[in-house]
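Labels for the chains are A, B and C, by order of writing; each one numbers its residues from 1.
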Amino acid sequence: MPEFFEQKQIATPGDLLAEGDYVAGENTYIEGKKVYASRTGLVEYNNKNVSIVALKAFYIPKPGDMVIGTVVDVGFNGWTIDLNGPYQAFLKPSDVLSRPFKPQKDELSQVLGVGDLVVAKIVSYDRTHDPQITVAEPGLGKITRGQVVKVTPTKVPRVIGKKGSMISMIKQETGCQIILGLNGVVLVTGKTPEEEQAALLAIQKIEEESHTTGLTDRITQMLRSEKSKRGAVKNE
Amino acid sequence: MNDKPERLIDKKGLRLDGRKPDQMRPVKLEVGVIPAADGSAYIEQGKNKILVGVYGPREAHPKHLALQDRLVLKCRYHMAPFSVQERKSPAPSRREVELSKVIREALEPAIFTELYPRTMVDLTIEVLQADGGTRCASISAASLALADSGLPMRDLVVACAAGKADDKIVLDLMDEEDKLGSADVPVALMPSLNAITLLQMDGKLSQDEFERAVSLAIDGCKQIYLLQKDALKAKYKNVKAEGEE
Amino acid sequence: MAAVVAKIKQKQIGVLIDKGKRLDGRGLTDYRDLKVEQGLIERAEGSARVHLGKTEIVVGTKVETGEPFSDTPNEGVLTVNAELVPLASPGFEAGPPDENSIELARIVDRGIRESKMIDTEKLCLEAGKKVIVVFVDVYVLNHDGNLIDASALAAVAALLNTKMPNYEYEDGEVKVKSGTTALPLSQHPVTVTFAKIGDKLVVDPQLEEEEVMDARISMAVDDDENICAIQKGGSGYFVPEQVLEASRLAVKKAKEIREKLDW
């Protein structure tokens, strides 16, 4: 049963990855008994499952996902939220307000206006409708401070790291709170803008070098030298 | 007034730019050249210089153009006024309208349109300098721009033209050969699937000449295909080398 | 723009084609009934009407004098335009030419131009200054599939029918002498269009077949069996063997049509 690439080798769309009784995993497709890559990325053979860890993809909503989005429109019956992906989400007043919605009395833009950021959860999504989201759960709601960075959604697991090792390390070294939207939007909240910047830089670097080894150590090094530089500046 | 050359192929069998009949012009491909775009690519093929940008998939604008069951690819092929010898008006010519259509139809078979219903991908091709074979070069770059945007694809689409100059079947016509030669056959191909997604011809070819031209064009496509793959991987090779320090 | 074809009809088309037959009983390589009339529009210098099955096309030609293009100073000018008039199909809208009508016009143009049907050098009155301009206007009156072949035939028939004024260039002026003369014509190009449905090629697709097809390919063939123009359309693809099969069949069908029309 031939496999035509090596583990973690880069493949491009149309590359024949395997032929035989294989299962077409993420970012691949099957034609007869041939499995082809459909995105550029690193090949992974896992028993009979052939997949590609894509270097770039975009977010397709899944119910239950936690996401971070921006309000782009306030309509008469709800808000339109940009999720940094092909589909915009809709937020109903009943998923925001803890009381019934009265169209004549309630001014939606007072609650959430264009440009506001929210941490939300996908309630529903299917091929025929835009996704619906809610912020009416603990831990969700309007974002009032911090900075936001976008990464390609396939890299979010890398930012988390094995058993959360990468993200805990960043939190520790920068003293920041980090919320990772599965749609590739990351919110970083620290005590000072410099700490937030350091965390953002770390995350951007992870995105660029996600396919390399020894990344956790390099990021730790980078953050520590940033911290001492900041410490040095402060002490002058 | 330009002097028209008497022959397109000299006594030694070489073309006006010194190439052999089955030789392609040098090709340079680069991916990710427009940071604002979701995907982008740049190609130089001979004196052709073409830039392609991709935005999307995103919500369809205007909404009524969206398709309920699939993604819509919008494609615009446009030549800059300074791209050709005699300034070209910026307004879309009939030729640009036709090319926008055939290029779109060359790229669509590669895209899994059913995966992203009700969305739109905007693809823009700007020809900065033209020297024959712009539709083929545009397709080769456009397919890279689509792949660069993260859109899943069945295969890269690659294109190359063959034709007839004097009495020889030649590969990758340049501008003079296009204008003065007796046939031009542009072909776009998805090599892994052996699928021809663009095929046009103008000129006069016997059946046998036509078969040879298509075959030669397909050979040219396969050469450019390897360069396309390299261009996609190049972005990541650099970072990989850095990372392993 | 394409109408929605019911899934059961799509299936029916596929099943029939596998058996070598089509909705209207034709074989895979058969044309529909073809009728060509000429000279129906007296005000035009030339005209023709083609009925290909229920597809109906009228072409009128107009001849004028004008300036040549700068890169062909001693050649007359041919210009082809196509109108998909709203009455011809529920999907046609009024307005400037869209990509479909532009593509149709350019395919028809290519077949005529590349076959060298018109000897454009004989249309030159004074090099660099005055030439004869031939306008070919394609009017689609009913769309039931394969506008390309029908329009191409109508355009050729209209050109064959064209009687232009006797122009002469004297003392820096164009003078019109009495009588008319035919255009300097030699070839009779015929365009043959194939639709790919499933894995088969069918000749002269009717509208419902066009709505379910993968892709189409059109080939213009001249009197000497040379291929002069090709256009693949639609968002599907062809494998190289199908392209070659199409080219062989196109030559054969073009000859049949020429014989039938006595060209």
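FYI, a residue touches a chain if its C-beta (ideal position, glycine included) is under 8 Å from a C-beta of that chain, and two chains touch if they have at least 3 such contacts.
Computed from a predicted structure; not experimentally measured.
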Identity of the most central chain, Cα criterion: B
From subunit B, the most remote chain by mean C-alpha position: A
CA centroid of subunit B to CA centroid of subunit C, Å: 27
Length of the line joining the C-alpha centres of subunit A and subunit C, rounded to whole Å: 53
Centroid distance [mean C-alpha coordinates] between subunit B and subunit A, Å: 34
Where subunit B touches two or more other chains at once, by residue number: 190, 193
Parts of subunit B lying in touch with subunit C, wherever the complex brings them together: 86, 94-95, 97-98, 100-102, 104-105, 108-109, 179, 185, 190, 193-207, 210-211, 214-215, 218
Touch list for subunit A against partner subunit B, complex: 10, 12-16, 27, 29, 31, 36, 38-40, 54-58, 86-88, 127-128, 130, 152, 208-209, 211-215, 218
Residues of subunit C defined as touching subunit B within the complex: 70-71, 97, 99, 102-103, 105-106, 110, 113-116, 215, 217, 219, 222, 225-240, 243-244, 247-248, 251
For the subunit B and subunit A complex, residues of the former touching the latter: 56-59, 68-69, 110, 112, 116-119, 147-150, 152-156, 190-193, 228-229, 232-233, 235-237, 239-240, 242-244
